[in-house]
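First chain written, first letter: the chains are A, B, C and D, and each begins at residue 1.
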Amino acid sequence: MGILEVKNVNKRFGGLQALGDVNLSVAENTVHAIIGPNGAGKSTLLNCLVGKLIPDTGSVMFDGQSVLGRSPYEINQMGISRVFQTPEIFGDLTVMENMMIPCFAKRDGAFELNALNSVGNQKDIIERAEHMLEDMNMADKRHMHAASMSRGDKRRLEIGMCLSQEPRLLLLDEPTAGMARADTNNTIDLLKQIKQERDITIAIIEHDMHVVFSLAERITVLAQGTPLVEDTPDKIKGHPKVREAYLGESA
Amino acid sequence: MDAIILQILNGLDKGSAYALIALGLTLIFGTLGVVNFAHGALFMIGAFCAVSMQRLLNLSYITLDETQKDFLGNPLKVKTPYVESWFGPDMGAAIIDWSVPLAILLAIPVMIVVGIVMERGLIKHFYKRPHADQILVTFGLAIVLQEIIKHYYGANPIPTPAPDAFKGSFDFGVMLGFDPNAIIYPYWRMVYFAFAVVIIGAVFAFLQFTTFGMVVRAGMADRETVGLLGININRRFTLMFALAAAVAGMAGVMYTPINSPNYHMGMDFLVLSFVVVVVGGMGSLPGAVLAGFMLGILEAFASMNQIKSILPGIDQIIIYLVAIVILLTRPRGLMGRKGVMEE
Amino acid sequence: MSKFHVSRRGVLRTGALAGAGLALPTYLRADTGYLNAPTGSSVTLGFNVPQTGPYADEGADELRAFELAVEHLNGEGDGGMLNTFSSKALQGNGILGKKVEFVTGDTQTKSDAARASAKSMIEKDGAIMISGGSSSGVAVAVQGLCQDAGVIFMAGLTHSNDTTGKDKKANGFRHFFNAYMSAAALAPVLQKLYGSDRKAYHLTADYTWGWTQEESIAAATEAMGWETVNKVRTPLAATDFSSYIAPVLNSGADVLVLNHYGGNMVNSLTNAVQFGLREKQVNGKNFEIVVPLYSRLMAKGAGENVKGILGSTNWHWSLQDEASQAFVKSFGTKYGFPPSQAAHTCYAQTLLYADACERAGTFNPCGVVEALEGFEFDGLGNGPTLYRAADHQCFKDVLVVKGKDNPTSEFDLLEVVEVTPRAQVEYAPDHPMFAGGELGSCNPGA
Amino acid sequence: MFGLQKKDTTLLLVVAALALFAPFLLNPFPEGSAMAQFNAGYPDLMQRFVIFGIFAVGFNILFGLTGYLSFGHAAFLGVGSYSAVWMFKLLGYNVIPGIILSVIVAGLFSVVIGYVSLRRSGIYFSILTLAFAQMSYNMAYSVLGNPTSNFNLTNGETGLQVYTSDPQILASAGAPDLPHLFGLTMRSSYQLELGSWLFTFNAGYYLCAVLLLVSFYVAIRIFRSPFGLMLRAVKSNQQRMNYTGLNTRPYTLAAFVISGMYAGLAGGLLSTMDPLAGAERMQWTASGEVVLMTILGGAGTLIGPVLGAGFIKYFENIFSKINEGVLHAWFGFLPDGLENGVIWVVEHFVGPGWHLTLGLLFMLVVTFLPGGLVEGGQKIAALLSRRKSKDTDNRATQSTPAE
């Protein structure tokens, strides 16, 4: 039984079958990659996992509990954190403030009317956020305006923010899309390091095969909304169906 | 039944005014991304083009009539318009009589100039600024414009009658087999409705069938991409603004016989037209037009005695009530696109 | 240099003690015993008129009249109605020998703004009297303020019954006529011209003034046999009245009464004429439109549409009596056009106030109130007039006017059809339309 | 101090000092001088500065922090005003129940409107709030205010006021017949004459000033709290909020209700200073005014809204009162032709033209100072300090060679 179990999920948009009978099981403490050509339904699937979309049929269970019908913030509080394709951070706030917000969410839950205490008095939060910034090698940037950082740093910050919540499942949506090679490699190293240091499950949607094969322990190939195969990276590399889906070659 | 037909007619007419203003607002918002609180002022300036035309045609020379006295007991100053002395009294009077339609000729160039000056002089500096700043600066501009008009034309409404040929009303009732006087409708209001339909049609045709229009529509869909295509978007923006100003101005001219124009008529329309635009959906031209007519008709229905006797005061709040219901059931208005002005 | 002393006005100005000013222990009473007592060689009046918003033109005309009145009071100009006024207390040397100065404020035709600017004139500029205004809401609001503060309020244009009805105040005085008087004057003329078998349809602006006007006209016309078919309330903010006017013809009514003022009136009348109502025949009679409260400034906005339409007005420049002529002459000479009824009322109110001070020998509001209450005068343009003590309403002749068919100038829009004598428009102070309020006692504010 | 950082404490103390000494600061010109026209130190205007300051500070908690632009906050101001007057009518003229009720009622009203309106964001939210406020205004002006009906909640156009026939059940025999705080009437003033200067200290003003300081203090605490941080996060990126396990709806609703309560307090104080509540307090122009105050002063800054409120109220009350006579007094020293010329020009901008001046200033400020008046102040401060630091730089460079 994996930590994330997707069973018979279907999703239609009008006449388009975006997801057809998707079954997926992500085992705890693994890195699981979902790959597939454009329009394969990767993003739709991801959105079904985090509460942005609700599948027409089927079930999505996280750690034995259904996520369906819950809002994104509830699903996050269950232990799923999401990293976006383009980094979603609080651009108007400082790096330190960015890091503190998930810490508050972890400590106080989805809503807390803590209106008269000073942020400066929240020692536990500050300590935790600073610790996390050090982990991310960003301690020197703590007073920077988040929007003014490089894309790589934004990505690093976003991942740090997700990790500070100690999620059990980290979802990454094409984390290196649009990045230069060097930044991509840095991100790969960062993710490897994270995996080594923590007990965490990572599900990653990715286009870039270099990233996928550097990180993934298992790979699911999605094509036209349906899982084609699921296997280890080595097996996937030579799989004829994958070549067909990606390159249009007939086997 | 006849009462309902009557109110549909009224609603179409009210709706024409809303739709025309909302159309211009949406053009500016959709292409330029600017929330223009001065749009009502453009409508008002258009209306005062009609007043100016009327004054222009009424420019007179003065003769003293010793047989009559003015209010101070001095000989009465009799004014004879120059056009009457140039073209003869009948022809002259006819020209003056037609001053409102003739004012369109004045309004188009004036509004285009006003639009270009406004866009180049002020609005273009606000493309990248937050919507709140755009609202503040255009609101300031609206105040300035209306104060200038007030200074020259006073605060009272100024009568600008329709040509005699369009005075009175047409009896639809007889035509449809109802009693006489059951459904009467003024000729000028029919002209106004027809005019609105023509203008709206022309704007849509312009956007649909010209290359300029195509670029503009593409710009409305995705501004950045069009900018990347190397098309000189700035000049087109200016022209778009001028076009929207001209639409508002012509709508203003034609509206003057319906209600005598005054300097604050733009503000009176402003809030309502924003409600119309938003109910239609930000950035959607068909939405703006549809919402304009829909709210106009609902407003007309709400003022029926039969409805007011059940819900007193409903006519005071109907537009806002409908706006609330629509926005709660359709998150982005009738035809709004996702992500526009939602942040 | 740092002389540190409490000013003469500087005692604790407790409102609690207001109203009982005369009963104060002497040590608490300032030497003058009333608020803003003029100490120097001049006295300050506060003119509070709409300078922005839809009534700005009317406000501007009021201000012109005030300036003219101040000129005349100070002995400048030709003296205007000072020469025709029946009371001869005014000398042309200011009021009680003090030169008249004035401050102005903008009511914006909003109760809040009007009270703010009146307060600023009282608190900052030391105005001892407030006058002006162009709507009943503002008049009632400012009148209440003046009562509380302890200065005199000489109302400008306010036509609602409430101003001297349920909202009457001891410190407030109204020269302008009211809705009841309009109705009482109009009804007989309507009967004479249109007969007593008529069906009336009311369109009424949905706020206090509109309601009192509708109530008054309906009562007066029903009393002479008319039937009221319908009373429809229209939103104040309405600009296009088509949807209210369109059903009128089919309702069986043959008279349309427009209980509208200002922009509402211009638009509703224009719309009604547009719909061709005036050319129609209903019940075998010509369809007629009535505008109970006319204002020449506003009639101008409706242009040709006013022709032949009946209404009432407080005063009109074409009146031939000596006083009106004198006023028109000095106003017209100074500004180049004839004064409006609002201007006339404001001018008359200023003179009446000044005269009352002279006769009382003091600026003390209580003295002024005493001098004005029950004051009978003539020579201010409306014939013999009474300031009734019971409600501080002026009683005088009322003009029934009609839109002129062949105007000779842009000012020549109305013609007087009948001057309804004062006796015909009088009513008891406790008439149901005016009942409810209490005048209270004068408040000198200190 | 007060649990604030040093910078905020200083700001609070500065505001406190300004509020305390306002009667002096606002009356810089001697009585009777030509410049006395610009004095603003009379009770009514001082009260308005402070009351609209409270209104704008509260509005800024919503708009400045979360970015939600409400076009309907005047509704809460109006509801607060009506509540206070109703307390005067029913209980008596002591101001405490009125002020408390105005905050509570405005709070409840804003819960309802906020709950519905916050289902949408951006301009859709703005229009929803506008629609609610305009409905309230139109109803208050007409249907809910008809004196002849049994349900006269607002007294329509005339405005809600206290009549002698009202019950006032808690009013004791000797209590003043005007709003008062345990016998101290809001209108009572103490005047101090210093040479030719006249300063007025008004009880009502000081009550408002104390409440402004409390409001301002609470606003600082909110700005610096985790809640305030969350509100800024809402403005910055709602998507990230949601995916960080935070429910934005209660945060925005709480901000909306808090700012609604501030508006209610301001409304209640308006009635307390002057017990007549008019419907036009709820009109869209009044809602627009607080938006303008906040943006003009500097949205999202602490002191900005207070400055903006003062700025607009000053224009409304001082510039509108300058008439031709005043201008002649000012420019009388000029030769006649020039005098008339100058007056002709100036006349357009004062008296009836004060709207024109205000409109021009909106345009100038927003064009050249996007951060509002606060940014203007910062620029000036920066200019001064740059000059100063340039001096020190010069000194530094000069001293370097000597070493």
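Everything below uses one rule, namely that a residue touches a chain if its C-beta (ideal position, glycine included) is under 8 Å from a C-beta of that chain, and two chains touch if they have at least 3 such contacts.
Treat the numbers as computed from the prediction; the structure is a model and nothing was measured.
Once chain D is removed from consideration, the other chains connect through touching into the groups A | B, C.
Between A-D and B-C, more C-beta contact pairs join the chains of B-C. If you average the Cα atoms of chain A and of chain C, the two centres end up 74 Å apart.
The geometric centre of chain A is 46 Å away from that of chain D, both derived from CA atoms.
Here the spacing of chain B and chain C, counted between their Cα centres, is 35 Å.
Centre to centre, using the average C-alpha position, chain A and chain B are separated by 51 Å. Counting partners per residue, chain C has 56, 60, 206, 233, 235, 237 as the residues that reach two or more other chains. Within chain D, the positions touching two or more other chains are listed as 138, 142-143, 355.
Shown for chain B are the residues that touch two or more other chains, namely 312-313, 316. Every pair of chains meeting the touch criterion is listed here: A-D, B-C, B-D, C-D. By the touch criterion given at the top, residues 53-58, 60, 206, 230, 232-235, 237, 239-240, 242-244, 246-247, 249-250, 263, 266-267, 270-271, 274-276, 279-280, 282, 297-298, 300-305, 317-318, 328-329, 332-333, 337-338, 408-409, 411-412 of chain C touch chain B in their complex. Chain B meets chain C in the complex at residues 2-3, 6-7, 9-11, 13-14, 17, 68, 70-73, 76-77, 150, 154-161, 167-169, 179, 181-182, 184-186, 188-189, 257-260, 262, 264-265, 268, 299-300, 303-305, 308, 312-313, 315-316.
Those residues of chain D whose C-beta lies close enough to touch chain C in the complex are 39, 42-45, 48, 138, 141-143, 145-148, 156-159, 161, 163-164, 175-178, 180, 183, 185-195, 198, 200, 270, 274, 276, 278, 280-281, 316-317, 320-321, 323, 325, 351-352, 354-355.
For chain C in complex with chain D, the residues that touch the partner chain are 1-7, 9-10, 12-16, 18-19, 51-52, 56, 59-60, 63, 101-106, 110-113, 115-117, 119-121, 123-124, 135-137, 140-141, 144-145, 148-149, 162, 166-167, 206-209, 211, 233, 235-237, 437-438, 440.
Within the complex formed with chain B, the chain D residues making contact are 63, 67, 69, 116, 119-124, 127-128, 130-132, 134-135, 138-139, 142-143, 238, 284, 288, 291-292, 295-296, 299, 348, 353, 355-356, 358-363, 366-367, 370.
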